[in-house]
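You will see two complexes here that share chain A, one where it goes with chain B and one where it goes with chain C.
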Partner chain A sequence: MIAELGLAALWLAAALAGLQLVAGSLGLSTRGAVLGEAVRPVAVVQGGLALLAFACLIYVFAVTDLSVKLVALNSHSMKPLVFKIAGAWGNHEGSMLLWVTVMGLGGAFVALVEKRLPERTMLATLAGQAFVSLGFYAFLLVASNPFERLSPVPVEGNGLNPLLQDLGLAFHPPTLYLGYVGLSIAFSFAIGALVTREVGPAFAKAMRPWVLGAWIFLTMGITAGSYWAYYELGWGGWWFWDPVENASLMPWLAATALLHSCGVLAARNALRAWTIMLGVVAFSMSMIGTFLVRSGILTSVHAFAVDPQRGTFILALLAIYIGGALVLFGLRAATVTEGERFAFVSREGALVVNNVMLSAILGIVLFGTLYPLFAEAMGAKVSVGPPYFNPMSALFAVPMLVVLMVGPLLRWRRDKFARVGRSLVIPAMLVATAGIALLVAGGIALLPWLGLALSAGLGWASILPLKARNLRRTPLPIWGMVVAHFGIAVSLFGMSSESAFSIEKLVAVRAGEVTQVGPWGVKLDTVEPVAGPNWTAMEARLLVRYGVDRKVTRMLPQSRSFWAPPQQTSESALLTRWNGQLYAVLGGEAPKVAGEKQARWQLRLWWKPFAPLIWIGGLLIALGGLLALIGRVAADVRRIVAKDKIAYRREKQGR
Partner chain B sequence: MSEHTPKSAPLAGRWAIWLPLALFLGFVALVIVGLYRPADRNVASALVGKPMPQFDLPAALPGRPGLDSRVLANGKPHLVNIFASWCIPCRVEAPQLGALAKAGVPIEGISVRDTTENLQGFLQQNGDPFQRIGADDDGKVQLALGSSGVPETYVVDGKGRIVYQHIGEIRPEHLGLLLEKLKEAGQ
Partner chain C sequence: MKRLIALIAFALAAPVFAQEEQSSAPYAYRQLDDAAQEARAQDLMETLRCLQCQGQSIADSDAPIAGSMRSLVRERIRAGETPEQIRGWLIERYGDYVSYKPQLTGLTWPLFAVPLAFVLIAFFLLRRRFTTKGNGQ
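Up next is the complex of A and B:
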């Protein structure tokens, strides 16, 4: 029953999305104005119904209703409850339902609270949101119904895949999805503004919290995903430029640019057409990313369910939405009046540099991701990796970071370097000192060198906006900006330090022998066999000591052998200290030299100074976004309350 | 420094406004070519033409031998079928495998991530063409073979060399090709 209820709710939600689209569009004309009244309530109910459908899906997963095909295919009665629930979105159909649920709820929330914009723009926005939702409803109902029944009912489900039974993996996708889909609201706002040609500060202020919220989730999702890859894969790397990583990075880059151009539009009423275009591009990147992942068109470690039919369906949706939005943009952008002007040396100027650079990096990542596809169409097989992505993105990231030191100090409209120059002396000196010191130390590649030098200056410069401010009265968004920019410095320092100073050592040692890696003494104590459910492993007991007379800590890396097959896997062990991480992987037994009695074991050790700062910086960036979001929303709430009070008093006095 | 033209001004240049659309159309064209390219996008195993990797899988069912890769090099061509009871396309191909077994083709099975009960139920329902079935409980042999999913079927010649890899379920129209490859492998 519950599955049918969910399906019915889904159909109703789709029908309401249709109504929302029609009513919203007709409401724009004078004759259909009556219909316009219906749009907001319909949007709210539509969101509620989508949520109900999703709740039904979670229920059938929680009770493991095996008569539902999706459950039978993806779950199992013996799984822990949390993974049963996570199983609801750990598959194609469920994740698409999560997608429309978040979209529906976003639309409902906008319909409920957003009162700042002219009603016409709101109608167009909600109609746009319904239009996009409708396509995804159609996709769910026609091509991937999550509530399909299975007959006969199987005795047990299939979902035994232990890989997905990991808490991190269970909550990583919904975090990214909230980010992806949150950008759809920005997209709808852009459409609404294009339809009614009302682009201005009010529009930017309405859109900004949504962009911020989505951006926070994207930032957290990317950070968590990167740490998981680092920790779990045992290769010692933290970013692989894998197509799926790129699919999450591209919307983040676009959203970051949008966030900053929104700021310009809200404060100065400039960059009008550009902001609209970024609004369209950001969500387009989410959809393109999802499409690239879901269609299996790019061969990637993440690509599952290679399915041309679904791919074609999503491609058609993309063509309608992105193509349609860009056509609308082309037709209307010329008539969106030019915004306020500004001098090159000004806050706006710095933000334009930020936007152009971010867009350029976005273009580079997109090109690199699609290039294998292009080459394949030409008949060649290539893969594009770090040797392309790293230098090409640094080409634009470095100037952007330089401007980032100066930009937040500049005034809007027009400024002089001379005014801010003095406060920049220290950061500039920090950059120079760090650069020279590292040059003297030698042996560092160009990119990490640049990164380390810049991060020193950036760390200082990022807190300069707080100078000469009363810290208690400093608005939260300023704090947010400072924290996020400081997070960039921290993360950059971690990345550069990781690639500049990492020490890797591959040794073959006997039990009892000590080997040095960087400041660590690593003693192989014992190697003992341990057994798991379907593997046996050799587990090494490493006694590690930092420096000379610190206390000894134990690490337990494993080398797992699965019974029959020829392959082995490694379970790495990590030891975190304030100044870095020791990363240990146990290899196999080394071949014996003639006359040798005791076995020697291969150990792979990395000392990665300050590597954890990569992810701590990422979290700081997200925290900065959160502070800004809280500040903005609180200010909005205060204003609404004040407005209501004034209206109330007026009403009373009028009587 | 003079008044700088803001970003919206260059966009007023007619062509720049249509630039994103043009780029997007290029993307769509590229993807359509990718989706409908006649060449298949299957991940072909790098092992075609190479010897079977060494493995010795335990028996998946009581009373049925497991699969040792040395058995495959006994001078006769074999068909190695990677399957699982939880795999729906594997049911689709069962009649074709049955027909091949009837025609005297030795078929060896590798069951991936399966349990004995499920496997027994599957074979009862869909027929049992296998001489031996090795249990690949963690998919490691499947990985070593470079196979990207279930079902997949390999034609192995008498020296244990992989001659042909069939990705996906065997449909009736594939039988001719497989028999031909088996014949080639037998020469």
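Up next is the complex of A and C:
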């Protein structure tokens, strides 16, 4: 019953999206102006219905209604409730429903609160949003109905992949999707502005909070996903340049570029066409990412060919939206001029460098991710991984980071290096000192060396914009910029330090034996069986001690066996100090040597200096975005309130 | 044709791995005693693909075949081979797919041409943007 309610809500929401598209488009003409009135309420109800459908899906997962095919395939009655609920979006259909729900809610939110733009642009924007939603509703209803029933009803479900049975699943996909779909709003704004030809500072100021919001969620989603992979996979890696990761990185790169070009457009009415283009590209990357992850093409081009329906559907959607938007852009770009001019040494100049470099990195990630698919289609399999992506992206990231030290200090329009040069002496010295010191220490690869040296200078340079400012009167967006740029330095330092100084130790030890990992002494105390709700495990008790410090801490890594579906996972144990993280994994029992009595257990241990800074930096970047967002929205609210007050007073005086 | 060869090569080599797995791949979970050799082996392993898993290097995988390959890499490093020799040997048997580090070949040249093109485009874009402006003023 609940499943049917969900399906009905989904159909209704799709129908309303159709109405929203028609009413929004007709509302632009003089004859259909009356229809325009309907667009905002329709958008709100559409969002509500999508939310209702999603709530129904969560309900059938929460009560494990096995007559619903999706639940039977992906859930299991003997699972903690939180994973039952999170399991609702841990699969293809559920995650697509989450996608349209977020998109519907985003549209509803825009319809409710966005009052800064001319009504015509808003109608075009909401119509664009409905047009995109409509495709995804069609995809859900035709090719991946999440509420399909199953007969006969199975006795028990298949269960959820144990790697996904983690709190990470509860947070990572929803945050990432909020980001992906938030970019759809930027996309719709870009379309709306192209249709009505109103591209200017007002447009950029209206779009910026939405881009910022999406970008914050993307940043948090990527950070959380990286940390999740780090502790869950049990080998200490935190970024693999895996296509699924790249699928989340590409929209982030585009959104970061968009955010900065939006700033230029808002402040200086320059880079108009380019900003619109980035708005289109950013959401296109979200869709390409979804296509890559959801079509099955990643496993193999051939897997895609075996069950082509879904893949073809998404591919068609991609062609319609990206192609359509680019055609519209091509038609209108001539009428959207580039806007104000500026010198190379200026804030805009630095931001253009940022944009070009981010776009180049995006291009490389995109190309490197797609190329194996082309190659496979041509009959040869190649792999593109870290040895390609790391140096190639550094090629553009390094100049960008250098410009990042200077850019925020420059003035708009035209500036001289001589003016800012003196404040940059200390960062430059820091880079040089760190670089030389590390060279003397030796044994560090080129990229981590560059990263460590640059992060030292960047850390200092990033807080320079606060110099000579009254800190209490500094606007929030400036704080946001400083915090986010400092976060980049922090994260870069963590990444470089992790790859330069990590120490790995693989050992097979008996209970009571002590191993040394970097500064740590690790003693295997006991290995004992433990049981959870849907797994059993061997749990090692490790007693660890840092240096000569007498304090002994306990770590409890587990080697888990799930039974539905049957799979082994390693639950790593992490111990964080201010200067790094000790990472411990319990492997299996080592094969016995003849005549041996006591069992030996395999342990994998890593000491990763400053590794947590990778994610702390990521959170700082997101926090910077949040501060900027709060600052912008508060300023807008103040302005609207003031405007209303003035209007009210005038009205009163008029009487 | 190339794929066929790779397939045959895989079929021929598979028993070798199977045997190694039975003899329990001594270095799957054991490091080399020489730290410098181990570091070389580790760097190489991080750039080799686990053939059974999806998108994981052999240094990040619990799969048995990844263990066998780790053991093979470490043994060969210990025997004095260079990482690139081992990579070449593996590519010869399993095709380019096994290496995350694309080699410059007739098939993969675009991977290297594209970044170069981006560098040129970025350079000219920036130059044009800021020199035409200078002339215009």
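Assume the second predicted complex is superposed on the first by the 564 of 655 C-alpha atoms of A that agree within 3 Å, B and C clash if a C-alpha of one lies under 4 Å from a C-alpha of the other, contacts with A are read in each partner's own complex, and residues count from 1 in each chain.
Simple rule for what comes next: a contact is a pair of C-beta atoms (placed from the backbone, for glycine too) under 8 Å apart; a residue touches a chain by one contact, two chains touch by 3 or more.
Predicted, not measured: the structure shown is a model, and the values here were computed from it.
Student: Looking at the overlay, does A:2 come into contact with chain B only (first), chain C only (second), both, or neither?
Tutor: neither
Student: Of the partners chain B and chain C, which touch A:574 in the superposed model: first, second, both, neither?
Tutor: In the superposition, A:574 touches no partner, neither chain B nor chain C.
Student: After the superposition on A, what does A:318 contact: first (chain B), second (chain C), both or neither?
Tutor: First partner only.
Student: Examine A:352 and indicate which partner it touches, taking first as chain B and second as chain C; both and neither are also allowed.
Tutor: both
Student: Give one of first, second, both or neither to describe whether A:343 is in contact with chain B, with chain C, with both, or with none.
Tutor: After superposition on chain A, A:343 lies in contact with both partners, chain B and chain C.
Student: Looking at A:284, would you say it contacts chain B, chain C, both, or neither? Reply first, second, both or neither.
Tutor: So A:284 only meets chain B here.
Student: Just chain B (first), just chain C (second), both, or neither: which does A:616 touch?
Tutor: neither
Student: Name the contact category of A:240: first (chain B only), second (chain C only), both, or neither.
Tutor: second
Student: Is A:170 touching the first partner chain B, the second partner chain C, both, or neither of them?
Tutor: Neither partner.
Student: Could you pull out which residues of chain A sit against chain B in one structure and against chain C in the other?
Tutor: In chain A, residues 299, 341-344, 349, 352 are touched by chain B and also by chain C.
Student: Where on chain B is chain A touching in the complex?
Tutor: It comes out as residues 1-9, 11-12, 14, 17-18, 20-21, 24-25, 27-28, 30-37, 41, 43, 53-58, 66, 86, 113, 118, 121, 134, 136-138, 140-141, 143-144.
Student: Report the residues of chain C in contact with chain A in the complex, numbered from low to high.
Tutor: 2-3, 6, 24, 29-31, 42, 46-47, 49, 54-57, 59-62, 95-102, 107-108, 110-111, 114-115, 118-119, 121-122, 125-126, 129-130, 133, 136-137
Student: Across the complex, what residues on chain A touch chain C?
Tutor: 233-235, 237, 240, 242-244, 298-299, 341-344, 349, 352-353, 356-357, 360, 363-364, 367-368, 371, 375, 378-388, 392, 395-396, 504-506, 508, 568, 570, 587, 590-591, 602, 604
Student: Which chain A residues qualify as touching chain B in the complex?
Tutor: Within the complex, chain A contacts chain B at residues 155-156, 158, 160-161, 261, 270-274, 277, 280-281, 284, 288, 291, 295-297, 299, 306, 308, 311-312, 315, 318-319, 322-323, 326-327, 329-330, 333-334, 336, 338-345, 348-349, 352, 355, 370, 373-374, 376-377, 534-535, 562-567.
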